[in-house]
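Read through the structures below before going on.
One chain, chain A, appears in both complexes that follow, with chain B as partner in the first and chain C in the second.
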Partner chain A sequence: MSAVLSDRSDRAAGRRAGSARRPLLGRFAHGYVAPAALLVAGLLYAPFLWTAYLSLTRYDGLESPEWVGLRNFARLLGDPALLTSVRNTLIWVAGTMLLPVGVGLLVAVLSYDIRGGAWFRLPFMLPYALSGAGLAVVWSPILSHDGIANRLLGVDTAFLQVAPHNTLAMLLVWTWQQVGVNTLLFVVGLQSIPKEPVEAARIDGASGWRLFRHVIWPLMAPLTAVVVGLALVASLKTFDIVWVMTQGGPGRNSETLAVTMYRDTFVASEYGYGSAVAVLLTVVTGLASYLYLRRQVR
Partner chain B sequence: MIRRAVLVLLGLVWLGPTYLLVVNAARPAADYDPARAWAPSGEFALFRNFARALEGARLADSLASTALYGVVSPLLAVVIGALAGYAIVVLRLRHGFRWFLLIFGGTVVPSQMLLVPLFVGYSDAGLYDSRFGMVLVYTGISVPLAAFVLRNFYTGVAFSIFEAARMDGASTFRIFWRIYLPLSLSALAAVFILEFTFVWNDLIFGLALTRTETVRPVMTALAGLMTDVYAGTPVPVGLAAGLVVSLPTVVLFLATQRLFARGLSLGSV
Partner chain C sequence: MFRSRVATLGVAALVLAACGANDAAEPKKKTELTLYNDKGAWSKYFEEMGALSRQAIGLGMKPSGYTDSAQYQAFVKASFRTDVKPDLFTWQTGGMLEEIVKQRQVADTTAVWQEAIKAGDLSQDLAPYYTVGGKQYCVPLNVAYWGMFYNKKIFDRYGLKPPATWDDLVGIAETLKKNGVKAFYHTSVLFSFVWFEQLMAGTDPDLYDRLSTGKAKYTDPGVVAVMERWKALIDAGYFINPGDKTDPGDVLKNGKAAMVSFGTWFNTSMTQREMKAGADYGFFVIPNVNPALPKTSMIFESGPLCALAEAADPDASMRYLKWWTTAQAQEKWATTRGDVSANPKVAIADQALGAVTKDAGSGTYRLVNRYFEATPPPVLTAALDGFGAFVTEPGTYKEVLEGIQKAADDYWSTHQ
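Moving on to the complex of A and B:
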């Protein structure tokens, strides 16, 4: 991360060309960053700050926001719907590490160096191109109460009605979709690790699990960090699949934080309280990313 | 050998739902029976089913709007992002790195923090439920990644190219437009593909910022159709709609997997 974000190269370029011409170019240059800076400031930062402010108010979208201090956050602590939502979000995070990332790694390791590997991976790649809504279209007829799964197996399982089974069922659907992209990222990483250490270990007699565990796995660590980081952030913000498959129900028992935020805001029209949920989600995501990155850098 | 066997077994499990999707999307709407969903019907009614979905949910208008959002917003975003990267790296903008952090920092903002102000602000400004409003929001969200990738790309380009063009008397904008932009085509394409997919598959901004079928993006419309599945839209019609509206991203993704993966790992740093 530090290498990519360092401004060393900018400064080096500046030194090389001498500073005499910098003022002239620098002045014009503001016109070139202006569109990007204005769009980001107007559509991302300003709404961000506004939501942070609204989380401290009572607001229904019609009357002006009324300042209530931290009362929304105090209310969050005692809200049973929020507790369920936090629990479900944690299931999503843990489950995402275990299944989509784990199975993705398995498929990548099994297929990256065999002939025709791309063909073996194709079944996993197809679902990735589906959207959350597309995913729900495919799976609702399978998992619904009188759906394909129940009728084919001759059982009567409430896949999407009882908590936490409904979250676990959706997690399996999510796995079906997400394995492809994780496989792809892992394959790109596995194919770009240096050949020499692997060959050297082979000559020394390492193979199979030992070769993977002690040579290949450490070499692909930077990429694993990226895949896990992506999955971590994405799973904390799980929304689409839940919204389309269960709308967070029945009785709010499959809500995630992102769904709770949407429901409180746009269904219950409590903009201030919904904003407080959004702030909580942001803090949790930010904290998780920070702790994760710190561990990776160290 | 064991590796291949495990892969084939897992692959078959993964193909199951895909198979169900294709077979039942092509089944005549009246013939659907969950207990016999595995068996192909022998008839090919995919287009008839899709036509029915187009009519019932006015998906044609949604598709046209989504195509507009999916092409225009990422195009604008990559050019705007490239301009910013060019100013920071090549024109050596004063405090360039801080500008870069300002723009790139936008990727950290979760969409949930945007919804209420955008909804209220758009309503006040007359942008709610308008195509222009949707293009604007998708462009804004797409800019940080574009700026990030293009800035990194231009850092790797020899500065002597700029100096030589300067000697020949080209203006800074001409140098950008005729040299740096074409030079970065591969990076632009990677970002474009990623952002096209993001816009095409978006659900939440469509939910929060649109109402009418003509403006509503297609995935939001599809999600609406899903609630109708319980209310009487036959399963094959829903599946046909889902299959057809997913084709653009399926084709794009399969055709450009490697580029896609590179863009993804670039954007995550």
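Moving on to the complex of A and C:
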């Protein structure tokens, strides 16, 4: 009886303590969240909303923004530089899927489950230590007209000057760096797939391409969705490598949407128009990611 | 609970008090000014000037140099709206100076100019470049006359002398070509306008002036003819690859190109590379394309050093600008960089540059405002892109001119 009473009184005491603590927490809960919420609001939401507002104005960074409605977006439609930029961005997206992602998958599959596979993958990993800007600085002289690339190939090609060669050349440089990380992610994917279905398929006589196509590839789907999703977003916002290697030129012929956004905003001092490009880039990236992920998650 | 509320109120009161005290503080008297500039490579020379000014007027200066002019301009513009304001900053004359004067951001230096002209420290001829609405703003950070720097050793090797006529210059380029040497430097980035302005000014300087004021079109026959001449020079193989990212100072030193056309400030690049004037390199005035012109056209530029209208310590900033124009400051500024000076009293050490400065001052040349300053910013942006595309693919010259004219039409439709 006393044990029962004691148990009841403990629970009652616990309830009292809980009821006393809960209002206290409730009263200060917003205070605890406020610093983080303010940081997010101030550093993420506010600049985004400000950019969205600026995209509807004409603003040179000096005078107050002048409201122009959707005029900047209408101008985007007829801007030949933007069309070039969209074309180049599409090349970057398609090229990234084909090369850094495709080659990364190939290297992972070829090197997985073989003796010395890690050593085979290692050289692909090393360039990932470089930053995008560092990568561009290293490759610019190699691809210049009197650089090593022309000498080794015995040609005289303006790799970084004529479109779309310059975009393709930069894409190859990007591939050189990105294959390693994609390989690593695919290897993780390969390691995480359950052994049983693969064994079962082998016992049933599946091997090689058929085993990969019908068993391994579907099992890797969740990770592939992540790799492709990340590559999609990274390729849509390509900036550093292009800015350092060609500054989007010559004559704007290698600009991507991100470079156009920077150039129109800070070089041409058209903050309103540059913000419209930023909004367009955000919408395109958001939409592409949403559509892709929705299809994958379905 | 009561205690924690009291503590919270206490902290808030302290924060408010701190803010309030800051707001109510008197403008701080500065003993050192920060000079923001887009000439990062000149930091060493700015620091030497800071040390000298500390001795001379008790006011030090430390530079904060940018190397990317777009980033620099964005920073300065943003600073107008924030509390992080430069005490002094470099800028550009022409449309860009007008922009910030219109916004009442830049300090009026009319009194400094009047005093300096009276004392013979500044020339009256320079004042128009700094005048907006009848008042002067900023002081000259530097002045530069444009011509051709050439590799003396290459010239000597092939028995070449500085040209007296345009045909001589083309002849030199042809000789160099026959000997496997590229004659001229040009680039598709930023300085892509250099050969356009030079060919325009040497062919028809009046048309050049009309272009910069919107009274002529980039598609006019005179401009098209200049582009065709430029194309012919490129097609003849006289230029290095425009995508070459080698620093032009190294291009000249290494003989990648025998000639580089720049302002006299390029002499600083020679000084930095320990090249000796007269032995390693020389400088000549580029002859007119059109020999019938009464005077040789010479591109001229002057970059301003400015103070904000609402500087942290306006008196100190103004005192510094005033000192900057004096012979003492300019002697040091010109000598350490091996450049010419805005102050006529300063003797130029380099013989060739000294002669050019003297001749320019005596009216021998027709001074033509550099394209970068003479052209309104939106037209300039389109033109730099256009010329960058042209030097890579010269066959596109008509499209390039049409593109620039479109930007010019947009601009001049609202700015007359």
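Following the convention adopted for this analysis, the second predicted complex is superposed on the first by the 268 of 298 C-alpha atoms of A that agree within 3 Å, B and C clash if a C-alpha of one lies under 4 Å from a C-alpha of the other, contacts with A are read in each partner's own complex, and residues count from 1 in each chain.
As a working rule, a contact is a pair of C-beta atoms (placed from the backbone, for glycine too) under 8 Å apart; a residue touches a chain by one contact, two chains touch by 3 or more.
If you're wondering where the values come from, they're calculated on a predicted model, not measured in any experiment.
**Q** Tell me the contact category for A:Tyr45 with respect to chain B and chain C: first, second, both or neither.
**A** Only chain B; A:Tyr45 stays clear of chain C.
**Q** Looking at chain A, does chain B or chain C touch a larger number of its residues?
**A** Result: the larger residue contact count on chain A belongs to B.
**Q** Given the touch rule stated above, what does A:Leu185 touch, chain B (first), chain C (second), both, or neither?
**A** First partner only.
**Q** Between chain B (first) and chain C (second), which does A:Pro218 come into contact with in this model arrangement: first, second, both, or neither?
**A** neither
**Q** Identify the partner contact of A:Pro123: answer first if only chain B is touched, second if only chain C is, both if each is, neither if none is.
**A** First partner only.
**Q** Does chain B (first) or chain C (second) touch A:Phe266, or do both, or does neither?
**A** both
**Q** On the A-aligned overlay, A:Ser140 touches which partner chain: chain B = first, chain C = second, or both, or neither?
**A** both
**Q** Quick one: classify A:Pro197 as touching chain B (first), chain C (second), both or neither.
**A** In the superposition, A:Pro197 touches no partner, neither chain B nor chain C.
**Q** Of all the chain A residues, which ones make contact with chain B and with chain C?
**A** In the superposed arrangement, which is not itself an observed complex, chain A uses residues 61, 140-141, 144, 146, 265-266 for both chain B and chain C.
**Q** Where on chain C is chain A touching in the complex?
**A** Within the complex, chain C touches chain A at residues 70-71, 73-74, 77-78, 80, 99-100, 102-103, 105, 188-189, 192, 241-245, 377-378, 381, 385-386, 388-393, 396, 400.
**Q** With touch defined as at the start, can you tell me which chain A residues reach chain B in the complex?
**A** 1, 4-5, 7, 9-10, 13-14, 16-17, 22, 25-26, 28-33, 35-37, 39-48, 50-52, 54, 61, 103, 106-107, 110-111, 114, 120, 122-134, 136-142, 144, 146-148, 150-152, 176, 179, 181, 184-185, 188, 223, 226, 229-230, 237, 239-240, 243-244, 258, 261-262, 265-266, 271, 274-275, 277-279, 281-282, 285-286
**Q** Can you tell me which positions in chain A touch chain C when the two form their complex?
**A** Chain A residues touching chain C: 60-63, 140-141, 144-146, 158, 160-162, 247, 249-253, 265-270.
**Q** Chain A touches which residues of chain B in the complex?
**A** 3-4, 6-8, 10-12, 14-15, 17-18, 20-21, 24, 34-35, 37-38, 80-81, 83-84, 86-89, 91-94, 96-97, 99-103, 105-106, 108-121, 136-137, 139-141, 143-144, 147, 152, 155, 159, 163, 172, 176, 197, 200-201, 203-204, 207-208, 219-220, 222-223, 225-226, 229-230, 235, 238-239, 241-242, 245-246, 249-250, 252-254, 257-258, 260-262, 264-265, 268-269
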